[in-house]
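Which chain is which? They are A, B, C and D, in the order written, and residues in each are numbered from 1.
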Amino acid sequence: MTVTLDPSNTRTLPLDGAYIRNNFPIFRNRSSKNPFTYLDSAATSQTPQQVVDAVETYYNHYNANVHRSIYAAGEEATEAYESARDKVSNFIGADDSHAIVFTRGATEAINLVAYAWGRNNLREGDEILLTEMEHHSNLVPWQLAARQTGAKLKFIPFSEDGTLENSEASFTEKTKIVSVIHQSNVFGTINPVNEIINLAKSVGAVTLIDAAQSVPHLHMDMTSLDCDFLAFSGHKMLGPTGVGVLCGRTELLEQMEPFLAGGEMIRTVSLETSTWNDVPWKFEAGTPNIAQAIGLGAAVDYLSGIGMETIHRHEAALIKYTLERLEGMDEVTVYGNPPERGGVVVFNVEGVHPHDLSQLLDRDGVAIRAGHHCAQPIMEKLGVSATARASFYLYNDFEDVNRLTEAITSSLKFIT
Amino acid sequence: MDDLRELYQEVILDHNQNPQNFGQIEPATHSGDGYNPLCGDKLSLTLQVQDDKVTDLRFRGSGCAISKASASIMTTVVKGKKVVEVEALFGAFHSLVTTGDTDDGDLGKLAVMAGVYKYPARVKCATLAWHTLKNCLSKKDEVAKTE
Amino acid sequence: MTVTLDPSNTRTLPLDGAYIRNNFPIFRNRSSKNPFTYLDSAATSQTPQQVVDAVETYYNHYNANVHRSIYAAGEEATEAYESARDKVSNFIGADDSHAIVFTRGATEAINLVAYAWGRNNLREGDEILLTEMEHHSNLVPWQLAARQTGAKLKFIPFSEDGTLENSEASFTEKTKIVSVIHQSNVFGTINPVNEIINLAKSVGAVTLIDAAQSVPHLHMDMTSLDCDFLAFSGHKMLGPTGVGVLCGRTELLEQMEPFLAGGEMIRTVSLETSTWNDVPWKFEAGTPNIAQAIGLGAAVDYLSGIGMETIHRHEAALIKYTLERLEGMDEVTVYGNPPERGGVVVFNVEGVHPHDLSQLLDRDGVAIRAGHHCAQPIMEKLGVSATARASFYLYNDFEDVNRLTEAITSSLKFIT
Amino acid sequence: MDDLRELYQEVILDHNQNPQNFGQIEPATHSGDGYNPLCGDKLSLTLQVQDDKVTDLRFRGSGCAISKASASIMTTVVKGKKVVEVEALFGAFHSLVTTGDTDDGDLGKLAVMAGVYKYPARVKCATLAWHTLKNCLSKKDEVAKTE
């Protein structure tokens, strides 16, 4: 496939994709036929060598269990694990009033709150306020919590452009927790979480921000955001799989019952009863995901080195260009048009089922996602069973967008 | 370069564009719905079965090219067949799309689906209509799922 | 330090430690001053290059999310992840009636059962039967479940030699679940789990085996063991941190409520209600620990290549020699003397606190563990606040034992 | 080769073998227990405080060499000091064992604990007695923990 150079290529992007891709061996390794055009970072991001090296260094140089080892390798492991916690804390602008709990991912972080806080604080008649655009991981845990406690679910609706509707009336004295997605993994919408948190506070509700799509792409400042909980995943921000974060207000975490129980989260144990370790360790039962937390620390170093503001501007330029290109194609329908958005777009191509589209684009080395994007209620409201999604990150550039649109054109030719 | 031609054979693309037996039989002796949880696509099947023979069948629903073509081809192959023959065909078809095994001489037109086995994520597309058919025939009233 | 060659060195071991250590770069990397004498595998094992490579290959060659990707990298990832599941299943002799659920570790696996089964099946008056030698991870989750459901905890006691006492009387019609440690992480005892499972079945109780210390060291056969649940961790069996396994009877898992909720574990989701995916995915909410599961698959390949029977014989020879050496030292007290045991021994040295001992041995490159080994009730019963523990694995040899005893001697000299 | 000599100084080993002020004062004006959750070690302290001065103090308990020596040295240093002086000493000692900072001229004999800061896992050993002392003096009745 020859790539037509579009005049827009001469626009400059904040980051040099080719230079950045050099740090990600997968782009070399998968580009023998076609340049690997990875447009699925909202599902999981690629991993720079720096992160892989940090993980490998743990295994090959100081592999040991943490916190209780009185020998050098164990002390190094503890130091690396705890300093990864500090890095993550700094990265999201958390301060002394916050604690960082390592989990397997955003999903576990949200479940932790739905169990340890939800099961012990929600009562019949209470309301859990979500939005209609939640990812399943911030919806189904609350369905279960509601079922078990008798609390009710309420939803802030979204309108056709993919933005939340005004929802002041949804916040009442019955509202006990407000849990909302920061950046939509479907429309890319950056939701007005500051406003929502303020409204929640005005009725005394606890707040959780599902930041799985925002921490990887936006400059975050936990102190000014001032929610009670923030949940996100390492694998979407250049980190390893198998690690995520719950950042919470220490005071609230201290009041909560533990979630998982076992080694490490205890202070004293007798056969009949136990007492708990300090926060955050109280919520880290068992041997932690040591290598993965360390890898996440390296990812955070990498991202900070580039700068989150720059990354956001880079993605904004890419999505702007993508929308221009897609809107120029008669067969393409784009869903949503939020004014404040990240580098994510969902669309459909007339006459081509999104799964076929994804399969056919792969022929040209273009990897997009097709399906419900773990947001079936959004698909339901849009009246489609699935859509195609392209999502961008710091290693993408205008060429990727060109290859996407050209591959769409040739897919259309192929299938019809 | 175009390995995908093996998956998307011309015949498949034709059936996708012009599906056979698309619609609904009313009244039907058997009917049922299928659901592919991987993608959310749905398929409805209505049948006329007389004297242990499938005399007529139609399908409706949304789906990808593979699933639509597979349903369309299935209807043309199954129409007029005895229920026991259909069951045998299901077995042959299932091993065709999961292993690429074309040994079963009776596959006939179904053989165009041989390319599917190389794409595990698409096997459920190819079998959706067949699972639904099987459920209809065994008169189970539940929604068939592709596994 | 010069190593005195003991005549016992000429006894042959089933495995050549030096040859095996070649696969574990850490032994090269940490042996500049003294040979790295790692005797803490019961806490976490070292990681062979084969496992590190499998993890790195995922990141650098086919990094993608699993199960819903319709492009080549994603299909490869799904295939690798699911084939890791098959490898683990074969490794422990599970069959079609069993399902393998990937968790973060043994601790999460046990908690999964304590929540998803325990919270929905235990009632006031029911009994949870454990042993007095459980690891905190198989004790504290049941304390919480008991507190929430009103069920009672009962314990099979152990005697001075570190073996379980006869306990037939503990199994009554009130016994609803029996959860026991297979190989003790303190005494090394291999408990008679077959008998215990039979007794549990005779009263209709559900059975869970905490196999965190047995799957890494013993040939397992889930089919003949025939318990309902088996829990273990990857990081103790040459695998990555951040991955563990719950193997369960599919039928029972199907009847259970889900545990963590979110993406991947669902079939259909509407705003108000959801239905669940098939087992095992029903219990794997969110993006799984993909790279770690793949790494565990590689660990299982490595272990199978050597053979679990051989590994067990190797460790049996090492522990026999260790006991001979330790018992020859006046200042050393060994705790427990179970006839059936794995490669673990706890002891104390008169006049040297175990934490000081561990610190001093580290001087000579000898890494042991000091503390309560996540089993405070055992320490309580032994009347000590802590002990030293040495534990062996396939990469250890007689030299390691010699270095241990010599380092103990020189620590004694140093501190007194 | 022997970095550990910095941690386990002769003076520390001496105090470990022959702890000073080991035992219990009865009756005591102040008393309290300390617990190091990392290892499970416990320490009990009894004090005589008169006119805002610690006139006597003794300790008991199990613990490692570092914790025993630290407790022993602490008792010798604190005996006879004003409560306000003790509080200042705690601050200086804490920064000594966490950062190695020996700038504070008043450390005196405590300076032998300077090696601890290189061994983060042992900091709690060194501070156990001090945390317990602080709790005793602030008359909090709870068990002190080393953080």
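A few remarks follow.
Note that a contact is a pair of C-beta atoms (placed from the backbone, for glycine too) under 8 Å apart; a residue touches a chain by one contact, two chains touch by 3 or more.
The structure displayed is predicted, hence computed values, not measured ones.
Distance between chain centres (mean CA atoms), subunit B to subunit D: 79 Å.
Chain geometry summary: the mean Cα position of subunit A and that of subunit B are 38 Å apart. Centre-to-centre separation of subunit A and subunit D, using mean CA positions: 47 Å. Those residues of subunit D in touch with two or more other chains are numbered 38, 119, 122. Multi-chain contact residues of subunit A (touching two or more other chains): 68-70, 74, 268, 355, 359, 370-371, 376. If you sketch which chains touch which, the pattern fits none of the simple shapes: not an open path, not a single ring, not a star, and not all-to-all.
The list of touching chain pairs reads A-B, A-C, A-D, B-C, C-D.
By the touch criterion stated above, subunit D contacts subunit A in their complex at residues 35, 37-38, 119-122, 145, 147. Against subunit B, the residues of subunit A that register as touching in their complex are 33, 353, 355-356, 359-360, 363, 370-372, 376, 379, 385-386, 414-416. On subunit D, the positions that touch subunit C within their shared complex are 1-4, 7-8, 13, 16-17, 38-42, 62-66, 119, 122, 125. Residue ranges of subunit A in contact with subunit C, taken from their complex: 25-26, 29-30, 36, 38, 40, 43-44, 46-47, 49, 51-52, 55-56, 59-65, 68-74, 104-108, 110-111, 114-115, 132, 135-141, 143-144, 153, 155, 233, 235, 240-243, 258, 260-266, 268-274, 285-292, 355, 358-359, 361-362, 366-371, 374, 376-377, 380.
Taken together, the subunit A residues at the contact with subunit D in this complex read 67-70, 74-75, 78-79, 267-268, 277-278.
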